[in-house]
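A, B and C are the chain letters, set down in written order, and residue numbers restart from 1 in every chain.
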Amino acid sequence: MTDAILATLPNNIAAIRERRPLIHNIANLVVSNFTANALLALGASPAMVENTEESAELATVADALVVNLGTVSSDLAAAMHLATQAATIARRPWVMDPVAVGALGYRTRLAQDLLHNRPTVIRGNASEIAALSGTSAAGKGVDSVLQPDQVTDCADDLAWQTESVVVVSGAVDYVTDGKDRANIANGHALMTQVTGMGCAATALIGAFLAVAERPFVAAVQAMLTMGVAGELAMKRGRGPGSLQIAFLDLLYELTGEDIVSEARLA
Amino acid sequence: MTDAILATLPNNIAAIRERRPLIHNIANLVVSNFTANALLALGASPAMVENTEESAELATVADALVVNLGTVSSDLAAAMHLATQAATIARRPWVMDPVAVGALGYRTRLAQDLLHNRPTVIRGNASEIAALSGTSAAGKGVDSVLQPDQVTDCADDLAWQTESVVVVSGAVDYVTDGKDRANIANGHALMTQVTGMGCAATALIGAFLAVAERPFVAAVQAMLTMGVAGELAMKRGRGPGSLQIAFLDLLYELTGEDIVSEARLA
Amino acid sequence: MTDAILATLPNNIAAIRERRPLIHNIANLVVSNFTANALLALGASPAMVENTEESAELATVADALVVNLGTVSSDLAAAMHLATQAATIARRPWVMDPVAVGALGYRTRLAQDLLHNRPTVIRGNASEIAALSGTSAAGKGVDSVLQPDQVTDCADDLAWQTESVVVVSGAVDYVTDGKDRANIANGHALMTQVTGMGCAATALIGAFLAVAERPFVAAVQAMLTMGVAGELAMKRGRGPGSLQIAFLDLLYELTGEDIVSEARLA
């Protein structure tokens, strides 16, 4: 399993850079710039479209859809319903990032509603995944009070219930489809002091979904790419400002082989 | 006074990094990323939530609320009314940033309305503070045509009227609660050529309000932190792009003692 | 022609830095921060105001208006109608950036409607300009599938129809008012992997419109400034992250003479 994932990673990175998949984002407004730049740096073609007039139209033709609840409003929620429905009908993969679900009521109900449109992948922190799985485990605002290894059962349950791949981000990321499981020990603690690193991870999953053989593989490869780029960025950066810049440079520079050689995957 | 403010600054910085206060921002959309990153770099936990469904809910539990009028719309204005009312009822401190008040009619009326919910601190440039105090002194768009020392009477008046601490940003910042007054001569002129430096100052005031002994102290300590980080960032940067990055790195790196040793407070 | 444009460039850059023209932006929310920072770095005074309450008021007093369709919604569309009408009545120049026009229906119709308010300049990529001129040439999301030299006839037609200056961005930029034509061979391919470089170009055209002798000259000088800053930024940067930062530094540092000496204008 692990070997197969590492074996296809270089080809999938190359495929993103070659085909430039169109990734439709209904993004978190705070980090839409960073999200678009992360996708561009990796080689994908982001389109940040979140009005109700165009969201379904674009979701039908995009290679993947990324839905982020970070700055949801009633207008954005309407666009999310339209786009995820259109993606499902058009059999396009889509990813959900349930930012701060569990901490605030409106978005918690919205995230549960969106599960009916069957996300291909769900990525959140431990508090968010626990809350979405029905366990009461409120985070503090957007930050988790739990670590992934405390919620593996919740994540497996959620994957079973929804037939989605579930990714729990943290010091060690946990990826599960209820059957296969992976742990990724790459990354650096300072990444949590840059806004939007989690959202960028979700967007990169979208890019890998457009090229990978199956969603579980896409999710693991995206998290490896995030983790390795973040880790190497720390060697160039002095703090959260320069980390963010070096991270974008590295998404552009790193080859699949570079990522495989630094991967800590179990 | 001055000595007491410098004496508690290291402890208050340490308290932010230790307790990670939850700062609820109804932010300026242009600079919400930079604002969130400044708060994260300092050590606080920002949540950028500005929909009408969740703003009151979050304001009730956050350690401080920051309301920025930069990109106000009727939806954001509704969220600001709900959140500031909820914060006042829950006795949570809140800060108002009256961006471009005086230059545009709609937001000038909104800012005056919000004063009824008694901001703990108001931070603006000299044109904005003059306009909010009732003096006619329109700025040019978002930029001030006045310096703080030309509007100290306006600022003192506004502090008296509203029982708020008033901060006037400029080459030398002026902080007043109508009784105590401070001048801060840190900072660098190039900071005005980076969008959102003023908004970041307002957000940092929010972080200090969560830990400081009283609002006047929080405002002065936040402005000192801004000024010293900006000044030292200039030594690393070549222009407004690299200044912004170095500023975030420094908010993360600087100790309270570093800030005290560079402080120019009178 | 070419000589005259290069001859006045240093004076016009100096005029922007001296007069600090107020540039009203109804911006693309993904890149509003980068757009504002590009204008500030060059020396202009940006105001990002896009609510329906204030857009007409500001457009009447601003030195130029920049309208970007990147993240259009029904609210933003209403503000665009109000602001462009107000600018036209007040005889203020305005620039339109038809992001993703041709790829999505709603914004294509909106862009055609806005043409009735007579933009002074229109800047887009080749797919967007072809679509706006009535040729069917859908881009892939926000990215062009054509190069400027494939759509010069479309661009000339559009300039004739609308009495606007039309700028087609690409490896070699093409600028036309239907009579005069210019090609600008500055810039670097990696600029397409930073989100908002095109939007920044449109905004800089706004800044030059506030000071240049006529719109064609403003458009060419702005594209030269973009291209030279991007090209030199590549010498400092390692990838798309550091390119963005160095680009802002260079907009601040470069003199008009620096730009003229690097210009590849035909």
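FYI, a residue touches a chain if its C-beta (ideal position, glycine included) is under 8 Å from a C-beta of that chain, and two chains touch if they have at least 3 such contacts.
Being a predicted model, the structure only gives us computed values, none of them experimental.
Novice: If more than half of the interface residue numbers appear on both sides, call it same; otherwise different. Which is it for subunit A and subunit C?
Specialist: Homomeric contact, different residues on each side for the most part.
Novice: So if I superpose subunit B on subunit C by CA, what angle comes out, to the nearest 5°?
Specialist: That pair's rotation angle lands at 120 degrees.
Novice: Measuring centre to centre with CA averages, how many angstrom lie between subunit A and subunit C?
Specialist: Result: the chain centres lie 33 Å from each other.
Novice: Which residue numbers or ranges of subunit B touch two or more of the other chains?
Specialist: 29, 33, 244-245
Novice: Help me check something: in the complex, which residues belonging to subunit B touch subunit C?
Specialist: Where subunit B meets subunit C, its residues are 29-31, 33-34, 70-74, 100, 104-107, 140-143, 192-196, 237-242, 244-245.
Novice: For the complex, give me every residue of subunit C touching subunit B.
Specialist: 20, 22, 24, 27, 29, 32-33, 36-37, 40-41, 45-54, 57-58, 62, 75, 244-253
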